[in-house]
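I've put the structures underneath this note.
Each of the two complexes below includes chain A, the first together with chain B, the second together with chain C.
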Partner chain A sequence: MVILKKAIVLVPLMMLLASSAAQSRQTRLPSIPTGMVEIAQGEYAPLYKSPDGEDSIAVSAFLIDADPVTNQNFLDFVIQNPKWSKSQVSRIFADETYLRHWASDTDIGDAFPTSPVTNISWFAAKAYAKWKGNRLPSVAEWEYVAGAGLHSPDGKSEDGFTTHILNLTNRVTPNTPFLVGLTKPNYWGVRDLHGLVWEWTSDFNSALITGESRADANLERKLYCGSGVVGASDFTDYAAFMRFAFRGSLKAAYSGANLGFRTARSL
Partner chain B sequence: MTNFLSRLSRGLAIILFFGTSLILSGCQSNEIKGEEQALLTYAPAVPAAITRNHPTKVIIELETTEVVKRLADGVDYTFWTFGGEVPGKFIRVREGDLVEFHLNNHPDSKMPHNIDLHAVTGPGGGAASSFTAPGKGTTFSFTALNPGLYVYHCATAPVGMHVANGMYGLILVEPKEGLEPVDKEFYVMQSEFYTQGAYGDAGLQPFDMEKALLETPDYVVFNGSVGSTTGDKAITANVGDRIRLYVGNGGPNLVSSFHVIGEIFDLVYTEGGSIANENVQTTLVPAGGSAIVEFTVDVPGTFIIVDHSIFRAFNKGALAMISVEGDANDAVYSGLQDESVYLPEGGAIQNIAGAAPAAQIAETIEERIAAGERIYSSNCAACHQPEGQGIAGVFPPLAGSDYLLSDPDRAIHVVVNGLEGEIEVNGETYNGVMPGVRLSDEDVANVLTFVLNAWGNEGGEVIPSHVTRARSTH
Partner chain C sequence: MMTKFIALLVFGVLLVGCATEETPHSPAMHAANGMVLNSDTPALGDYSLYQVESQWTNQMGDQLTLDSLSGAIQVVALTYTSCEVSCPRIVADMKRIRSKTSSDNHFLLISLDPERDTVQKMADYAATQDLDANRWNLVRGDPDDVLEMAALLGVRFRKMADGEYAHSNIITILDAQGTILYQQQGLGSDLTDKTISFLNGI
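The block that comes next holds the complex of A and B.
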C-alpha cells in the first residue's frame, strides 16, 4: 500500500521531469557541457562606472560553471599540460605561491579533490579555461550571475540578501577551503559564488582601485572607474566593494590561498 | 680681485658651516644617522622613550591579519588587525626620522589591506603606496615631519568596514627635544563595534552594516574588547606616579568624551598636538584623532577610565581601570564620593526601552550560576566590581552584603525596577541611583543566583517565576 502510494506520486513526477528536460534540450542549443549552466541575457549595473559610462551593461546569454574549478579538475589539466605544473611554470605567469598547497607537481597532497583549487594565477586560470574550450567570465558576467538571489535574477529584491552575502563574504578563511557544491544553488543554478573563495575574472583589474579608496574619486581615466566615490552606484553593497577592492589588489601572476576561479563560454 | 673675494667668501662659508655644525653636534643634529628596527607594543604597553638626539632610519614591519577573538564574555568577533590585536601595535619614532614602512598581509587574509598613517605627509598617508593583497608585502618610506600623536588605520574599500573591524592604532612622533620623563606610560584606544546581535548576545557576532550606517554601535570599548583593561588586567601604578596616557579613538563614528573618574588631567595635549592645556576633567577625542593626557595619582584605589558619553560606559563597555597601590590619603580620598554626580541617569530611575533579549533556559543551579556570571560581568561588574566588592561610598558591595542577603526578593525588585535614595549596606550609607536593568526573567534569575553563590555569599537560588512575580507586584 505504501509502495503503491509512492509509485503513484513518483510516476507523474518522473514524467514531468522527463518532459521538462526534453523541453530544455530543445530550446538550449548547442548542448550544454556537463557542469555548466546557461545564463539568460540581462543587464548588470556596475558598481564603478566611468563618468560617461552607461548605468548598466548588457550581458549576453552565456554558459558558466555551476561550481568553482576543483583541485581534481586542475590536476587533470596540469597532468596534460606539464608547463603549468609547480616546478615548470614560468615566474612571469605565476608567482612563488603558485599551487603551494599541493605536495608536488602531480600530487595534491592533503588538499581535498573537490575543494576549489586556489593558489593559481590569472594566467593559469586563463590557460585552464582555454584547455576546456572555455574562457574566464568577465566582471560584468560574474557580478550579474552573483547578483541573483535564490528565487530571482535580482537578489537585492529578496529579503536579507545583502546582509546574507556580506556575512558569507566576511567569514574568516578556513584552513582548508570547504568542498564545492554543498551550498544552495542560486536562481541560475550556480553555487558558491560568495564566501567560498574569491574568483578570477577576465578583466579583474579594469575597475580601477588604487588602494586609496577615498582618492579614487579623483581618477580621471575614462576607461576605468573614473570617479570612485561619486561613481559607485550602490554605497550599501559592501560585499561588492570588498570584491572590487580585492580584484584591484591583484596582479595577473598573483596566486593566493583564497583565490580560485570558474570558467564561462559564449553562446 | 674677484678671485680673492670669492675665495674669501668661500672660506667664510666653510668657517660658518663648521662652526654651526660644531654647535649643533653639541646638542643634537638633524642628519640621519644609523638604522634601527622599531620595537612595537600591544596595548596597554608603550615602547620605551627615545634617547637618541639625532634622527635615524627606522624600519617598521607590521602584519595585517584577520582573526576571531573575544569581544566580550561569550561573544566573539572577526577582527581585522594590524599585528593580530585590536588596537594595532603602538609605533614610536622621533621627529625627523626616516621611516621605512613594510606592510605585510598574511596569506590567510581574505581582504587586501593598506595603511593610512596620519603622521605621513603625502597622498593617502601611505595608503596609495601600501595596497597589499593577501600573501603580499609592500614598502614605502616617509619622514616624520611633525611631532605629535597620530592615528593610523586601513583605508581599503569599504573603508568604514575595515575600520569598524578593528584596523587602527597609534604612532607617536616624539618631538626633537623629547617628552618630559614620567613614571608610567600607557596606550589606550577607544573604538566601537557594530554586531548583528544586541550587547551581550553570545556567539560569533557578524558585523552589522545597517547599525554602522546609523552610527548606533552595540559595543564601545577600550583596547578592543569589553573588560580588556579591568580587574586583573587593569593598568597598575603606585601612589605618587606621574602617568601619561596616549589616548586614541579609532571610531569609526563616535567622538569620545574621555574621562578618568576621580582624576583631573594636569596636562592634556589636546588632539595629540603640541599645545598643553592644564587642569582638564574630560577631553574630546575625535574619531581618527588622539590626545595625550598626564596626571599624578595621589591616592590608592581603582580609577575608572570612561567615555563620559556615559551610556557607552555603563551599557556598551567603554570602561577601563587604573589600579593604584600605596598609602591612603584620607583627605584626598574622601573627595571621591562626589563622583556620584557623574551618574548619567540624574535624579530619576530610568529603564532602557526595548524588547528583552531571548534567554537560554538553565536546567540546573550550576547552569544558572554559570549563565549568571556572564550576565554579571556584562551588566553589573562595572559598578559593583568584578569581585562584588563595590566601591566604598559610591557603589555598594554585593559580596557579604547584609542588604542583599537579608532579602533576596528585594534584590529582584532592585534589578528589575532600579533603586534610588538612601540605603545602608554593612553599616555604610549609600545614596545613589541604579537604573533598572533590561534583562529577561531568566537572566535576572541567573544573575541573582550567581550573586547569591559568589564571593563567599551563602547560596540560594532565584528562579524565573520569582522574577515574574516581583515584576507584577511592582
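The block that comes next holds the complex of A and C.
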C-alpha cells in the first residue's frame, strides 16, 4: 500500500524527469562513460581560507556522475563484492547502520531501486568508485560543480540562485530519499547536488576541527563554532556553511540515512 | 520570519559542528581523548586496521603491507619529515614513549607528504633523529592510501597553500593484531605520561 502511494506520487515526477533529461546538455564525447558528464577546468573559491591561502583553487577538467549512485547501482556492486554486503562488511569500514534500509544482503526491500543509496560509509563509497574505475570527487571538485547555476558555471551570478539552493537544502527530508534525476540539471548537466542527499567527498576529512597543530586550524575551529564567520569568503551561502559543518562532523565509517555519494574520474 | 528560521538552522548546524569535535570514530571506541578505546581485543578481528591491503615503502626501501606489522604493539602517527611545527614534537613524544616502555614496542610514522618524503629523505630523517630501524618504520605510500589511513585513525589533514600540511596531532596505539587500543589526542608531557602508563599497564 505504501509502495502504491509512492508510485502515484512518482508518476508525474517521472514525466518531469523525462522533460528535464531532454534539456540536459548533450555534449558528451564518445569516450565519456554513460551517466557521467565532463566538467571543464575552472576555479573554485573555497568557503574558508587559511590566512595565507589563495582566493581560489584551480580545478582540472574531470568527469562526474550526472546523478548520485542508486540502490540498484550499489546492489550490483555488493553482489559482485560480497565483502561489502551488510552481513560481511568489516566494522572498521562501516558502522552498524550500514545499509540498514535494505532487507538483506542482496535485497533492497522497500527502497526504490533508483533512489540514491544511503547508509553507506566513506570506505564503501570509495570501494564502489574504485570498482567502477572511478574515485570520489574532492571537496573542491564537488563544490565547483555544485556552484553552477542553470545557465552558467557561476550560479551566484544568476538571480535567486542562492535562495533556491537554500530552499532545496532546507526541505523537510523524507525518510526515504526521492528518486535521482528528478531535478533540473545544472549548467554542467549534473543533477541532485542540492536537496536530495548529502554526499561523501574524497577529502571530507580535510575540514579541520580537532586538535590541530597550526594557527589557521584554530581559526577554522572557531569558524565552526560560529564566532569566526568573518573568515568566510561568502556570508550569504548558508547552504555551503551547512555542507562544511556537516563534513566536519563526519567520520569515515559513519553511515547516514541521508548521506549518499556520486563518483568522479580524472581526465 | 524565513530569515530568522534560516539563521537558526545555520546556527544549529554550527553548534552540531562544535559538539562533535571529540566524537569517537568507531562505535566500539567509546572514548577518544586519552582513554582506553577497546580493551577486549579479538584476534585480528573486525576492528583490525591490518585489513587494509595498501602497499607501503619504508626508509630502507622495503615494500610492506600493514599486516606484516602484526605481532607487536605499534605506536603510530601521521607526520612528515619537512614539518617544522608539530611533527618534531610528535616524534619527540614517541621517542619518550620508546625510552620509557617495553623494548618490544614498535613505532610507525606514516608520511602525510609522500611526494617530498622519498626513501632517502626518510632514511636521512631516521638517522638524524636516531630512530633505530629495528623498532621504527617510516613509510610512504599512495596519497589515496594515506587518506584512508588518516580516515581509519581519525586524523584530519589538509595541504595548505604554502605546501605544508595542517593535521591532527594524534598518537595511536595498535595491539599486536592491529586494533586501536588507545589514542593520545594532542601533545605534551601530561598526555604522553598517560600514554606511557597505559602501555606499561598492558
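Following the convention adopted for this analysis, the second predicted complex is superposed on the first by the 216 of 267 C-alpha atoms of A that agree within 3 Å, B and C clash if a C-alpha of one lies under 4 Å from a C-alpha of the other, contacts with A are read in each partner's own complex, and residues count from 1 in each chain.
We take it that a residue touches a chain if its C-beta (ideal position, glycine included) is under 8 Å from a C-beta of that chain, and two chains touch if they have at least 3 such contacts.
Just so it is clear, the structure is predicted and the values come from calculations on it, not from any experiment.
Judged by the touch definition given at the top, the superposed model places A:Q41 against neither chain B nor chain C. In the superposition on chain A, A:Q88 makes contact with neither chain B nor chain C.
Looking at the shared chain after the overlay, A:S157 reaches neither chain B nor chain C. Of the two partner chains placed by the overlay, only chain C lies in contact with A:F123; chain B stays clear of it.
Look at A:R171: by the touch rule set out above, it reaches chain B but stays clear of chain C. In the superposition on chain A, contact is made by A:D203 with chain C only, not with chain B.
Shared-chain residue A:S249: touches chain B and chain C both.
Legend: residue contacts after superposition of the two complexes on their common chain; A:T106 is shown touching neither chain B nor chain C. Within chain A, the residues touching chain B in one complex and chain C in the other are 166, 170, 209-214, 216, 238, 241-242, 245-246, 248-249, 251. Against chain B, the residues of chain A that register as touching in their complex are 97, 162-163, 166-167, 169-173, 175, 198, 209-216, 236, 238, 241-242, 244-246, 248-251, 254-259.
Chain A meets chain C in the complex at residues 50, 52-54, 90-93, 95-96, 122-123, 126, 135, 166, 170, 202-203, 205-214, 216-217, 221, 224-226, 238, 241-242, 245-246, 248-249, 251-253. Across the interface of their complex, chain A is touched by residues 5-6, 9-11, 13-18, 20-23, 25-28, 46-49, 51, 85-86, 144, 147-148, 150-152, 154-158, 160-162, 164, 166-170, 185-186 of chain C.
Across the complex, chain B meets chain A through its residues 66-68, 78, 107-112, 114, 116, 123-124, 127-136, 155-159, 161, 196, 206-207, 209-210, 213.
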